[in-house]
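Heads up, the next two complexes both have chain A, just with different partners, chain B and then chain C.
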Partner chain A sequence: MLKVATLLDLLHGAGVTVAVSMLAIAAGIPLGLMLAAGRTGRIRVVRAFCAAYSSFVRAVPVVTFMMLIYFGLPALGIALDPFPAAVFALALNTAAFNGEIWRAAIADFPHGQLEAARAFGMTRNVSFWRIVFPQIWRSSLPSLVNEMTLLIKVSPAIAIIGVVDLTRKARQISAVTYEPLPAFVSAALIYGLVLALLVAGARWLERRLARRFGFA
Partner chain B sequence: MKAFELRRWAVVTFLAAIGISSAFGASLDEIKKRGYMVVATEDDYPPFEYVVNGKPMGYDHALLALLRKSTPFEVRQEILPWQGILPGVASGKYDAAVTAAVITDERAKSLDFTMPISESTMAYVKRKGDSRIKTIKELTGMTLGVQQGGASFQVLPDLESELKSTGGKLGQIVQYGAFSEAYQDLANKRLDAVIHNIVSLSTLISEKPQQFELGQRVGKKSYAAWAVQKGNKSVTDFLNAFLAKEKASGALKKLQEEHLKIIFGNLPSEPLLPGDRKMN
Partner chain C sequence: MTFRVDVILKEAPQFAAGLGNTIWLCGVSMALSLALGALFLVPLTSQKPSLRRLARAVVDAGRCIPFLLLTYIVYFGLPSLGVVLDKWTAALATLVLYNTAYMAEILRAGWASLPAGQTQAARAFGYSGFLLLRRIILPQLIIAVGPVIGNQLIQLIKDSAFLSIITLPELTFAANAVQSYYFVPFESFLVATLLYWALCAGIEWLVRRMERWASQMRRAHA
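Let's turn to the complex of A and B:
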């Protein structure tokens, strides 16, 4: 069994996990939308850059990406502290996956509505914000929430640069007690609780949207 | 993702980091000018460095406290896992790794070391009362736990030749990220023995005398020291002068007794490769 002080220490790690993940999610969703806009836009260079970016980031393991950001960027004159580097790396990572979700939603969008918007004299920009976006964010919500849960589960990668998250706390505790099980089981329960809260929140939002718009 | 893929990527990043930024380490003059030195320590390596309720402790932390007292500049500390420490030092992000890094031939290619702070010869630990294993000879064909990329992994060729000399062979090897998991698997009988340095194993035995039993030393005599970026002589010399002072005053010995539960009375005054070989 874990002592109370140890459990509080573990909860401190959980706080770090939640804070880093939420900041990365908050930054990653709009970044993903920008990526998708770039990939479906009209400028060829931007299209190529966005495609290359999301292929690269989706292919590189998160731990490696984290090390590139933290140990590699100083060579280019960008030295980040561990916490901002962790948020930055996770945000850039989740943005690539969110970008694919947004891109699929944009590609699936009914053409007739866009043609109707154009017939009414809307520019591409106006029709995106007035017609496309209000619908695709609702239809993308379940996929985006799914990516959020995946992000929380890859977040232990931030430990490699010295940010002590929930998993790292569990490892520190087990290094001293020589018993990994109690610490890791407690950590698993805390992860479960965090994800359950996130999913419950998303369900609540989806139900509200369904009531208001007739579909999610 | 499979562990070996992850390791390969880590190595690639490591090499890339050295390649792009070998000029970035700060010399002692630059450290004095900017007013601080950055050192990296580990967080799950008792009795050298570990964390209890968020508070860093252990042999290296005690030494770090002495270092802070004797330097005219600030010593900033970053605590991170082993897998991030050497890439950080090699890339110049940290001026020194204040951790018990075992001096190996492979590491000596990309890092410089201070004089040893501890002996770190490998040994094996077995379950208490496991009568199948009495000496190294009986490790033949047994399932052994080591740390991925650690010195316990690098001692395996030595162990293999020791076993071959008595007609035995190396059994299955399981690699772990952290030793606490290897000890758990040893207790669970998934492993027959775990290989680690003699100091960490002595600490384990003093914590869990009912569960585990210390075996013999494995491989060549080796040492642990602090690591510095390759070629950063001014920082290495500075740390060596500090360690020489603490050794002469007897403080090093006192800290060994307090933290390591073993005293290494005649540590060499320069880093030596396994088997007491000089650096070239």
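Let's turn to the complex of A and C:
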């Protein structure tokens, strides 16, 4: 059986998982928007760079990427502590996926609205922030939330650079108590709970938005 | 800094062996979980709502567990129930177990998008259960969900990097071994990430070829 102190220990690990994931998401969503802007923009070099970045990062395992950032970058003179490195690597990773979501939303945007905005004399910049963005963030919300759940599920990769998240905590507890299953199963339940809360929160927000703005 | 190409070239066989292990482990577990996922379609598409709901719950729960945690459960947790697996068997079992939940969900979603009339017509002709699945549903399903399966294979390859934590000699483990022996972390992990990139690009290319082939087949039979 799991003791209360052990459970609190696990919850502490869960707190680290949630904190790192939330920081990475908070940085990754605007970064993804910048990537999408770069890929749909007019400067060819920027377009090529954003496309290559997105293709590379989406194909590389988070574990390997994490090691490249934490163990590899010091060779280029960029040394990060484990916690910032974890947030940085996860943010760079999720930004590539968010970039694809934003890009699809921009590509799907009705062309007539953009032409109307031009006809009213709006610049590209103004029409993006006044016309495009207020609509696409709502339509992209389900995909963005889906990417958040995927990010939380790969977040145990931060354990490899020594950040004690929920999965690593469970492993430590199992190594000390010689009873691996209670700790692992509790950790699995906590992950399930976190993901369920996230999805339920997103559904609630979608319903509110649908009521506020009509069909999202 | 100097980029140590010499170390990478000298250790190329180790990278190749790691890449080979990544490929065959993911390929074999993809084939196995495709078969298991197809078997899971029977309860997932059952006529009994209670059975259907139970199967959905099992699949959804399976998709909530992070891959590394599942690896720990299989490799460190199961021995306390008397099931002791060596790291290769544990790795394969984890990959199959994890991926089956996703394959079942992909096949179910694909099945739900098939025209319902076909299944009804087949039932009217007396097809049911496994025969219905094998003769009517699966052939169409595989073509419909082919690209999604390709994406899932890429996902599986990326998750398999976690297996380096239980010291399974796949690509990430090989990169880590090389970097800790020669202390060339940047070169070593860069080569590993580029190899993953190439592998995933190859899979995407194959999926596009298959899609083109499938659309030609459809046109030929239309």
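The rule is short, and it goes like this: the second predicted complex is superposed on the first by the 216 of 216 C-alpha atoms of A that agree within 3 Å, B and C clash if a C-alpha of one lies under 4 Å from a C-alpha of the other, contacts with A are read in each partner's own complex, and residues count from 1 in each chain.
Everything that follows uses one rule, which is that contacts are C-beta pairs under 8 Å (C-beta built on N, C-alpha and C of every residue); 3 or more make two chains touch, one makes a residue touch a chain.
No experiment lies behind these values; they were computed from the predicted model shown.
Colleague: Label the relationship between chain B and chain C on chain A in the superposed model as either fit or clash.
Modeller: Superposition result for chain B and chain C: clash.
Colleague: Is A:30 contacted by the first partner chain B, the second partner chain C, both or neither?
Modeller: After superposing on A, A:30 lies clear of both chain B and chain C.
Colleague: Under the stated touch criterion, which partner chain does A:157 make contact with: chain B (first), chain C (second), both, or neither?
Modeller: In the superposition, A:157 contacts chain C only.
Colleague: In the superposed arrangement, does A:56 touch chain B (first), chain C (second), both or neither?
Modeller: Only chain C; A:56 stays clear of chain B.
Colleague: Quick check on the superposed pair: does A:5 touch chain B, chain C, both, or neither? Answer first, second, both or neither.
Modeller: first
Colleague: After lining up the shared chain so the two structures overlap, which partner does A:176 touch, if you call chain B first and chain C second: first, second, both or neither?
Modeller: Only chain B is touched by A:176; chain C is not.
Colleague: I'd like to know which partner A:15 touches here: chain B for first, chain C for second, both or neither.
Modeller: neither
Colleague: Report for A:134: first if it touches chain B alone, second if chain C alone, otherwise both or neither.
Modeller: The answer is neither, since A:134 touches no partner chain.
Colleague: Figure out whether A:75 sits in contact with chain B (first) or chain C (second), or with both, or with neither.
Modeller: A:75 contacts both chain B and chain C.
Colleague: Which stretch of chain C would you flag for clashing with chain B, going by 61-69, 133-141, 187-195 or 205-213?
Modeller: Clashing stretch: 187-195.
Colleague: Of the residues on chain A, which ones does chain B touch that chain C also touches?
Modeller: Common interface on chain A, chain B vs chain C: 60-61, 63-64, 67-68, 71-72, 74-75, 159-160, 171, 174, 179-181.
Colleague: Taking the complex as given, what residues does chain B use to touch chain A?
Modeller: 1, 5-6, 9-10, 12-14, 16-17, 20-21, 24, 40, 43-46, 50-54, 78-81, 83-84, 87-88, 91-93, 178-181, 183-184, 204, 207-208
Colleague: Any idea which chain A residues touch chain B in the complex?
Modeller: 5-6, 8-9, 12, 60-61, 63-64, 67-68, 70-72, 74-75, 82, 159-162, 164, 168, 171-172, 174-181
Colleague: For the complex, give me every residue of chain C touching chain A.
Modeller: 1, 61, 64-69, 72-73, 76-77, 79-81, 154, 157-162, 164-165, 171-172, 175-176, 179, 185-186, 188-190, 192-193, 196-197, 199-201
Colleague: Residue numbers of chain A touching chain C in their complex, please.
Modeller: Per the stated touch rule, the residues are 55-56, 58-65, 67-68, 71-76, 152-157, 159-160, 167, 170-171, 174, 179-181, 184-185, 187-188, 191-192, 195-196.
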